[in-house]
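The two complexes that follow have chain A in common; it is paired with chain B in the first and with chain C in the second.
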Partner chain A sequence: MIGSSWGRPALLLALTIALLVVGQLVLPGFIGLGQIANQLKIAAFLGLFGLCQTVVIAAGGQGLDLSVGAIATLGGILGAALMAGSNAMTIVGAVAAVGAGLGVGLLNGMGVAVLGVPPLVMTLALSSVVDGGLIVGVSLAHPADAASPGLVAIAGRSLYGVPSVALIWAGIAAIAIWLLSRSAWGRQLCRTGANPVTARLSGTHTVRVRVMAYMLSGGVAALGGFLLTGYVGQAFLGLGNAYVLTSIVVAAIGGVTLAGGKAPYGGVACAAILMTVLVSLLTAINMGENGRQIIFGLTLLVFLMIDRRLGAQR
Partner chain B sequence: MLSSPDALVTPAGEPSRLSSPAETLLGVRGITKRFGGVVALDGVDLTLARGRVLGLLGANGSGKSTLSRIIAGEVVPDGGTMEMAGAPLSHASPQAAARRGIIIAHQHPSLAPDMPVWENIFLGAEICAPGGFINRGEARRRATGILAELGSTMDIGQPAGVLTAAGQQLVEIARALARSPRLLILDEPTAALAGAEVAKLFAAIRRLTAKGIGVIFISHRLGEIGAICDDILVMRNGRTAGAWTTSGRLDEARILSLMTGDPDAVLRPMAARALGDTILKLQGLRAGSAVRGVDLELRRGEIVGLAGLQGQGQAELLEVIAGHRRIDGGTLWHRDRAVTPSLPRDMIRRGVCLVPDDRLRQGLFSGESVGENLGYVKIALAKRPWTLPLAELGQLAAATIRRLLIKTEGPEQLVSALSGGNQQKVVIGKWLATDIEVLLLSDPTKGVDIHARSEIYAIIGELAAAGTTALIFASEIQELLLHCDRILVMYEGRIVGNLSGAAMTEPRIMAAAFGRASEGADA
Partner chain C sequence: MRALRHAGVIPSLLMLVVVLALNARLQHHFFSMLSFEDNVSTFTPTILICLAQAIIVLSRELDLSLGAGVSLINCFLATVPASAVGGPWALMGLALLLALALGAINGLIVTVFGLPSLIATFATGAVWYGLALTMVPQPGGTIDETIGNVYSDTVFHIPVPLLIVLAAMLIWTVIGRHRLGRRIVAVGSNPVAAFQAGIPVAGVKFIAYLVGWLLVGLGAIAISAQTLSGDAGVGTAYTLTSVAAVVIGGISLAGGRGTPWGALVGALVLGIVANVIYFAGIPSIWQEFFKGLVIVAALGFMVIEQRRTAIA
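The block that comes next holds the complex of A and B.
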């Protein structure tokens, strides 16, 4: 059942609740409302970056996007520079950030789907170019780096107790789940990932589908970076770095098979929540960074082994 | 590892059962071999004398390759006996065969692409200096010598992967010669070679036979068989159809009639079919090295067969028309418009659909359900890609399953759980989602049982009656004779025969397939 479309999210949510209960038992107050709201905020960012990986991994061909961190940083710095602390310019900053993310994604997609560069290499290379370009740009232009009060309000505050970032994430997740599992494009994406030859011979424009996947990843990553700027209060170099590997981890735990062809975003969203709760629990019981890394890695291994066993049974 | 032929003599004390052991090198009696339910060899005899070249002939699937692989120790026979120079031969591995001096040079060399030519030649038979080190100098010197005998002056230091097909074939032959064979099997050695290279190869073969080495020579080129072979063995359906000694001139008619078995029978009276307008026309179409200038014309509602020996460009031609391979030259006309498709989608939109060679890898999503596969074409061509018309797709799948009599538990069943024949029906059925004008089928009955085979042709016939044109490449000529209005024959990337009506006979097709006699051809 873990492999079916509802089993995986259900399992992940059950594990999350179990962790919350354990947390409450060990540290009374772990399930406070404020606590949960705070965790949802963190999970929202992880979930957005997990969406990037979900889409490009599903597109197949060893799909992966190692440039999500750099694109997020680009989105944050570019957005902050344009809005320069003014609420009026916030929307301009957001549009420019997402546009830049789509642009980098377009380059990624062209490199992967048209030129045939392995995604690992292509996205890593562009990641370096973007990161390096940002360092040069920031040192030359010294742009404004503060988030506008409006953006801080959107990304940092709550609406009736629910963090607004989590609401934004919920909206994007709903669109993503519908697009990936209830639209022709989502089917084209998954079939291209599962078997690009059959997909192409059946009439799919596989190159276009893959380019769009990388563009989507870039756009979402840049939006994530822009919101992150509001959450942190300012944009800085290295803003998105922490999400490069964690986004891949939540995608894998969420049920995305690295071979491509599957895009279960519901599972990935639940995995983002689970991993956020896990990290905060481990932090709360004063486990050091090293211990957290070990637990993180072991969790990934356990889920990959479950997937292998299920794959072998089919 | 490298030893002279003299080191490989018969074990002492082994009495020979053959009358003239000095003359007979290899004797094969009653060899049988089954692969699953298919009988590949059904009691084959073969005799080869020292210093002679035996030409092994037969249509695709007649068993020549299996026989040569059994002699070379690559395939273990189910029954029969083999003798080499009077001593029984019962090797279970190519290494054991090589120790007795039997070496095969394959048609499709499997060289190590990153290793230099000279290392490839001695791979597995390294020349060792004392202490087990490879004697590079000696190996390079000998590799150069062997290649020179074959008339090649290629750089032996270059990696084998950069060589042309011809170069790789020469390295494969050199590899065989480096092992000092007593019996050399050459499986279509000339397929990739040009005329001058063939002449030098033949000279090298003559030098070998002068030393008493026996050669089995497999080729589809009758001219070469006549030029080099002393003896002929024709195979058909896993049996020896005929064996004789040539006396200079090759009786080509006899070979063709033995290969096909039924020399004069006209198998099928042409059912007169009203043909429509020209729907697809190719003029001098070229693509890569496989399709070298094809002219053909297909009309509405026609069933056309594409025959020929293996690998003459048939599968590639279908892929070009389907938009899966890039056109390098010539023109592809659809109705009265020249089209240059950049991907299959462009042709599918024009109603030109391909049932590809490899069902599971190219035709189906093997991890998905029957219904998912049947509906995918509609999804791929969706005008509104943000929607998914689930109800419509469900109806389409159910209707296709009924119409094509696909045996399945239902649209939810995994397509990989179906039999080969029913999988093929799914591959054809997925095109029913569009208006098929031209259906291109690449070996559609490969690995399909007889019953499903006739059902598949019934579907094709039904589609044709409704105005669809079918172009079918099949490796079995009988199949095409039974179901096609017209048969085109391909040879070395071109259409060399266009046979219909009374001219549509197996011997004529075979003659054209061997690049011979184009009587009856009006292409």
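The block that comes next holds the complex of A and C.
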């Protein structure tokens, strides 16, 4: 049930509702409209970074992108520097941020698909270069770091009660689900991940597909970092760090298997919502960063074990 | 010589010579005893942790929780007073036991539950880090000075850190020449064939984790002996360093190919690069960037070199 394409999202949503009910019982007021809107906002960011991992893991070859945090920080800092607090320049900042993310993703993809560097090593090494470069850039240039009022409105405010960043996420998620499970490119991606040899023999340009997967991951991560700048109000070093672990957690819980070839973004999106509610519940009962890390790690292990069991049965 | 080429250590040795030459030029009295001792005690933790990663990688697994494990052991040493457990030596023994326990957990998860080590150890790493943060929320606390003194001591004029590295390499060499070493390589290069040949694949992998984590425990004690305080973030960087050193040392992440000497060379290259960057007077803001760049360059060099030899 958990493995089928609808069972998993349904289970994750059921767990989310159960958590919300528990939250309401422990802390009356946990299920308020404002609360839920707020959680959707946070889930939107997690969901965007989860998309990055979904695409590169599906591309196979032990795919993983550990540079999403560094790329997000890059997107945030570069975007903030270019827009310099002005609404008119916001779009320029956004385009530059996404462009830079695509660029880093291109390097990741070339290293992984062309040179054959293991994704773990490639993305980790490149993320230390990007982080190091940002330290230099920020120390030398002292760029503007504030988000423009327009970006703050987009990332932080709501439209008729629905947070606008959640609407952006919904749009991207719809495109992603179509792209990954309905489009020709999505089929090529999953074929490449499942078995690169047969994919190549049946005419799929596997190198190009993998490079594009890492570019997509970089672009989305940078956009996530840019929007995050608007949500927090300013860009800073280490802005995206927290999303490296969490993005992999939601991808794994959402049903992306490390073996590659599967890209169920619907499940990943539901996992992002579930983990956001879990974190907010843990925060509400005053659990610190330490407890959250432990719970994240254990949740990931439990889901890996469930998947393993189900995989063995089939 | 042929054995070295076969092990893929030649390009990494080349890199080592280059960085050594640079370091000798930049660091005054590089070849004097004092700076030698200094360098050895700085490099020892890196070497131990890279060796640990190497043995796990040879068995075709991976451990992304090494860094967090180092932090956890460091925080354990900073939290538990030596007097409560019967002296600093007992405390160090307990730290090693803790390391073995962490290795056993990872080994069980990978072998008995059959989870992919890449992501499963990523998860356990989060748990270790969370536990370390619970013990030491803010960097601080003190570690028994005896541990620091032992570490900076000498035995028969040989610095203790050097002895530890020599002992670790000796253990490695002994393992490598005996059944366990051959089994690890057999399991790493072809688990199915190893299984059919009657080798207990899961057991061998589990032991690889235990041996690896024993080295991690030693490395964590070495780090703690130098800092003498607890910090939940102290180990973080070692995860990347260990994986990079393994790749630079010519050990295939696909398992079964490479030697511990490669890991030693890889660890030395990375350690000396950090030294060079420090002594070259590069402004501190540039240091992170250069370190990352050197790792990427070294990785690229290794990958291209391996490809060239594979074709030849």
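Convention: the second predicted complex is superposed on the first by the 313 of 314 C-alpha atoms of A that agree within 3 Å, B and C clash if a C-alpha of one lies under 4 Å from a C-alpha of the other, contacts with A are read in each partner's own complex, and residues count from 1 in each chain.
To be clear about the criterion, a contact is a pair of C-beta atoms (placed from the backbone, for glycine too) under 8 Å apart; a residue touches a chain by one contact, two chains touch by 3 or more.
All of these numbers come straight from a predicted model, not from anything done at the bench.
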Exercise. Looking at the overlay, does A:87 come into contact with chain B only (first), chain C only (second), both, or neither?
Worked result: neither
Problem set entry | First (chain B), second (chain C), both or neither touched by A:183 | first
For this session: Could you say whether A:283 touches chain B, chain C, both of them, or neither, answering first, second, both or neither?
Result: neither
Exercise. Looking at the overlay, does A:195 come into contact with chain B only (first), chain C only (second), both, or neither?
Worked result: first
Exercise. Which partner does A:203 contact after superposing on A: first (chain B), second (chain C), both, neither?
Worked result: first
Exercise. Is A:133 in contact with chain B, with chain C, with both, or with neither (first, second, both, neither)?
Worked result: second
Seminar exercise, completed: Larger residue footprint on chain A, choosing between chain B and chain C, goes to C
For this session: May I ask you to decide whether A:261 touches chain B, chain C, both, or neither, giving the answer as first, second, both or neither?
Result: first
For this session: Look at A:118 in the shared chain and tell me whether it touches chain B only, chain C only, both, or neither; answer first, second, both or neither.
Result: second
Exercise. What is the shared patch of chain A, the residues that chain B and chain C both contact?
Worked result: none
Exercise. What residues on chain B touch chain A, complex-wise?
Worked result: 322, 324, 343-345, 348-349, 354, 356, 361-368, 376-377, 379-382, 384-388, 430
For this session: Report the residues of chain A in contact with chain B in the complex, numbered from low to high.
Result: 179, 182-188, 191, 194-195, 197-207, 261, 314
Exercise. Of all residues in chain A, which touch chain C in the complex?
Worked result: 62, 64, 111, 115-118, 120-122, 124-126, 128-133, 135-136, 139-140, 245, 248-249, 252, 258-259, 288-298, 300-301, 304-305, 308, 312
For this session: Spell out the residues on chain C that touch chain A in their complex, using ranges where they run on.
Result: 62, 64, 109, 113-116, 118-120, 122-127, 129-134, 137, 240, 243-244, 247, 253, 285-293, 295-296, 299-300, 303-304, 307
